[in-house]
Amino acid sequence: MLRPYFKSMINAPQPLTVKVERRVRFEEVDPLGIVWHGRYPSFFEDARGALGEKYGISYLDFYNNGIIAPIKRMHIDYHLPLSYPDVFVIEGILHWSDAARIDFEYVIMDSKGALLTTGYTVQVMLDPNKNLYMVLPPFYMEFCQRWKRGDFK
Amino acid sequence: MLRPYFKSMINAPQPLTVKVERRVRFEEVDPLGIVWHGRYPSFFEDARGALGEKYGISYLDFYNNGIIAPIKRMHIDYHLPLSYPDVFVIEGILHWSDAARIDFEYVIMDSKGALLTTGYTVQVMLDPNKNLYMVLPPFYMEFCQRWKRGDFK
Amino acid sequence: MLRPYFKSMINAPQPLTVKVERRVRFEEVDPLGIVWHGRYPSFFEDARGALGEKYGISYLDFYNNGIIAPIKRMHIDYHLPLSYPDVFVIEGILHWSDAARIDFEYVIMDSKGALLTTGYTVQVMLDPNKNLYMVLPPFYMEFCQRWKRGDFK
Amino acid sequence: MLRPYFKSMINAPQPLTVKVERRVRFEEVDPLGIVWHGRYPSFFEDARGALGEKYGISYLDFYNNGIIAPIKRMHIDYHLPLSYPDVFVIEGILHWSDAARIDFEYVIMDSKGALLTTGYTVQVMLDPNKNLYMVLPPFYMEFCQRWKRGDFK
């Protein structure tokens, strides 16, 4: 699979982005001396969480508005490995979607900007009874409206 | 600290024990080729969980009876390391206590019976409002009575 | 992305499969009461490891033959969640490839056979100097020859 | 066990300390809504690592000087729980020892300074052949001499 992971939609607003820095922990490295591939969901979640806080759509914001947003799909492309104690940057990129889903892309770079890892997640939205929202719930619709009219520029 | 971790009380019934087998996973091993020391709480929990199920005091049994039993203390003595893909045995040993606390001891052995790790945990019991039980809650008292009269031999 | 994750090649031998059983651990469950999505790489690895041991291409077999096989891509589709203490089955399916890559598919089912999770990984092969094998290294070629002539049926 | 975890020795230099801040991750929280007790070894390691870097005795410094320093004992007292997304501070305190061992104490506080967790680890030192250093290896002795003469004040 080649990027772009998500197709751009006509008239869609620019993606929202955030960058977080993190450092490889000793415990994250495997016997081959590189970060075990299964640690990366945590890296992605750091960026997803930071973007959520920056734009008012954090896990707790969702929860307080009766929305649970489970991951339905995760995809990771490992280009170059991380070692201990590398410092790296995780960029989270929220892409616009007309549907009731949350499309996140992730780009991990080393401290010099070299591309290490890319990936994406897709989330859906459930109400407190675990029923799928087929249209945007009001809280998230309001966020999307602000995004579309340029409040986050 | 030398074992015994817990003092034997006079007239206390024999400890209850269980053994579970587990195998080192690749992801549990650190760059030095041994299981990272921070994985052992999971090993202990496997034995604690198995004993709970064997004797009717599992996490869910507690939960369904309005008891939460958080860990208040954990202690681990690392004698010999584990490597990938070692098979090992975790023995969980529940010691009798007259107080409203749960005293577990753990012994990890390799497949030939060599002693690798020992440790213990101490749990207290909380009600659903997170108030400490100062005396045994009825569910656990009943378990203790069965233990004391020898039902588990 | 819809399955099949990998295209069948003409004249390719049947995939090799293995099933392993596992049980949700308390520590694997998140505050929403379901297994955190980032635990599944471990589940997949259990099946991949078991298939490797069944057919003589385990991590250690590779290592002893000068081959490192890092994950280059991982994809997970989450259909239904796992809760504590569910028992589940992970099926690992090794698909034939003419190239020097290892294509694994994974299917997670609950104890009644309901489909919970699917996914795949792609691995490449490196020599001890971390150079990519462009053609099959002898050890893996021999395995493929045995596979193709039906030794594993 | 009550603190102090380590006895003060006469003429010992003051302990060396460091503080690191960390934030509870979603994945670290268990179904009861508190950080699972088995995550704390990672918290302790963050402080131990930071102190090592501050004073030139990091994991890599050790490694480059032919010393491996495995954990032989870990002890944790859980006073109050952490929840998502709490910010907390981990203080690492290196106590002087005349023997070839490394005695670390840890104190975790919430953002208001309330005491949440305390604990300690004991490490020994091994040479590259995994033989125990019975006396201080030169690299660590030099560090101790600088510590004793007050270079780190």
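A, B, C and D are the chain letters, set down in written order, and residue numbers restart from 1 in every chain.
Assume a contact is a pair of C-beta atoms (placed from the backbone, for glycine too) under 8 Å apart; a residue touches a chain by one contact, two chains touch by 3 or more.
Nothing here was measured: the structure is a model prediction, and the numbers come from that model.
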item: A-B against B-D, pair bridged by the larger set of C-beta contacts; value: B-D
item: Numbering shared by both copies at the chain C-chain B contact, with half separating same from different; value: same
item: Chain of greatest Cα-centre distance to chain B; value: A
item: Between chain D and chain B, distance of the C-alpha-averaged centres to the nearest whole Å; value: 25
item: For chain B paired with chain C, centre-to-centre distance based on mean C-alpha positions, whole Å; value: 33
item: Distance from chain B to chain A - Cα centre to Cα centre, in angstrom; value: 38
item: Multi-chain contact residues (two or more partners), chain B; value: 26-27, 38, 42, 45, 84
item: In the complex, chain C residues that touch chain D; value: 26-27, 29-31, 33, 36, 38, 84
item: Partner chain D, residues of chain B touching it in the complex; value: 1, 32, 34, 37-38, 41-42, 45, 68, 70-78, 81
item: Residues of chain B that touch chain C when the two form their complex; value: 25-27, 42, 45-46, 49, 59-60, 84-85
